[in-house]
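Each chain carries a letter (A, B, C and D) given by its place in the written order, and its residues are counted from 1.
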Amino acid sequence: MSATNITLEQAETAVKAAKVKAVELGTLMNIAVVDAGANLTAFARMDGAWLGSVDIAQKKARTARYFDMPTGEVGKLSQPGGSLFNIEHSNGGLITFPGGIPIENADGQIIGAIGVSGSTVENDNEVAQAGVDSLS
Amino acid sequence: MSATNITLEQAETAVKAAKVKAVELGTLMNIAVVDAGANLTAFARMDGAWLGSVDIAQKKARTARYFDMPTGEVGKLSQPGGSLFNIEHSNGGLITFPGGIPIENADGQIIGAIGVSGSTVENDNEVAQAGVDSLS
Amino acid sequence: MSATNITLEQAETAVKAAKVKAVELGTLMNIAVVDAGANLTAFARMDGAWLGSVDIAQKKARTARYFDMPTGEVGKLSQPGGSLFNIEHSNGGLITFPGGIPIENADGQIIGAIGVSGSTVENDNEVAQAGVDSLS
Amino acid sequence: MSATNITLEQAETAVKAAKVKAVELGTLMNIAVVDAGANLTAFARMDGAWLGSVDIAQKKARTARYFDMPTGEVGKLSQPGGSLFNIEHSNGGLITFPGGIPIENADGQIIGAIGVSGSTVENDNEVAQAGVDSLS
């Protein structure tokens, strides 16, 4: 049976991989990893990355764990007229555009999540995915 | 004359009925019941239910009692261009999509409300309705 | 190996046992149980219990899990001149007087916590302990 | 002239040194580093460290930078009757017991701060100091 909560070692591996991808893309990112309980486990802000993304990266990571899906999936449903319109007002503020992705163990259980913010949502999501991939 | 405030016994009956319906639908739900004063009375999170729904279930229950109507009805009015656009900013955050329903006594007085979150809004609402029906 | 997170069934057993003790003591209590991640799992407010204790019971449960010790132990250190003076300003508000107790599994791992509020801190703590004892 | 803001590389060096010291002391710590603007730069929670210290470590780091002195120095002034009594109510919550220390560059300019939480304040402070020392 795989462990059901992410370790700091895993979280730091994900942050490191995300940084490598961010450099590759020529971006400056804030990167946050939360555990299975949605509590902050590791965080890094690259030099010169947006200050406003300190909070967004963390909210993306928490949002991904809160609903066990990529943040962008929540955002598709939270548009005006959508079934989850304005869900962002819950939980002290959610971020529902791409850049937050759940992290699973080998058994497919969600053990945490990563959130990335600092560039376009496409870049944010690609950097987050690199973090996830580093653990599989 | 019927009592004007829900009892814990009634609230726990509603939570139990909601859990039964959630299992029947194959969903994992957070279920909250508030009293006539919109204060939390009973709550249950099924094992593995979304963590982000802890707050949403409670906000749905409060929203339903704050305005004495199902949360989805508020949501119809809070869309862009609607008469209550962005009402979700009030009261520390509202949730205005389906899943919150007022609870009435035999005289039609509202004595509390139930809020359910953890699946589609259709499932959320059906589970909430099962809670309401258990008391009638 | 014992499970590392409390189940809803366990949480409801603890709430039920706490209610029995509260009745025995002639008190009206708010009772909250959080899981290993400090997220709300079960809650009950006895009819007529203090409304202000809805929040306090939850904060006691979270505080006990946040620091893996009974809330009263934190309170001994947070007095004026104490080593943790004004720690209550963290985490969106802590409650550091008795009534919150961690819950362990058979292996001694902390899997959640219970918080009780509604009477004297002695009674609150006794009711919380009854909840803990029901799971051992 | 030395740089006037801490880099992520420096922040991660400090976190790493703090972790080494924490292990040496047999403690489990949350470690946060903020930059000259008091914004989070790096963070790590050791496996099993107190969840409540996620916030406290960050608040200690910010408090140290907000007032450019060790947090414990602020705490001496914030006691009942002291000149800064209850200053903890400002800035969304301060932590004023030991464990937060400013970080200076070679010219003596403050370029950030470190905050550590998870054990006694003496241990917290020793671990924070190890982080500071790793950069000098």
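Rule of thumb we're sticking to: a residue touches a chain if its C-beta (ideal position, glycine included) is under 8 Å from a C-beta of that chain, and two chains touch if they have at least 3 such contacts.
In this text, all values refer to a predicted model and were calculated from it rather than measured experimentally.
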More contacting C-beta pairs: B-C or C-D? The answer is C-D
Taking each chain's centre as the mean of its CA atoms, subunit B sits from subunit D at a distance in Å of 42
Distance between the CA centroids of subunit C and subunit D (whole Å) is 29
Separation of the C-alpha centres, subunit B versus subunit C, in whole Å, is 25
Within subunit B, the set of residues that touch 2 or more other chains is 51
Among line, ring, star, complete and other, the chain contact graph is other
The answer for subunit C against subunit A in the complex is residues 4-5, 35-39
Seen from subunit B, its contact residues with subunit C in the complex are 7-8, 11-12, 35, 37, 39-47, 51, 54
Note: in the complex, subunit C contacts subunit D through residues 37-38, 62-63, 65-68, 80-81, 83-87, 89-92, 94
The subunit B residues in contact with subunit A across the complex are 50-53, 55-56, 59, 75, 78-80, 86, 88-89, 93-98, 120-121
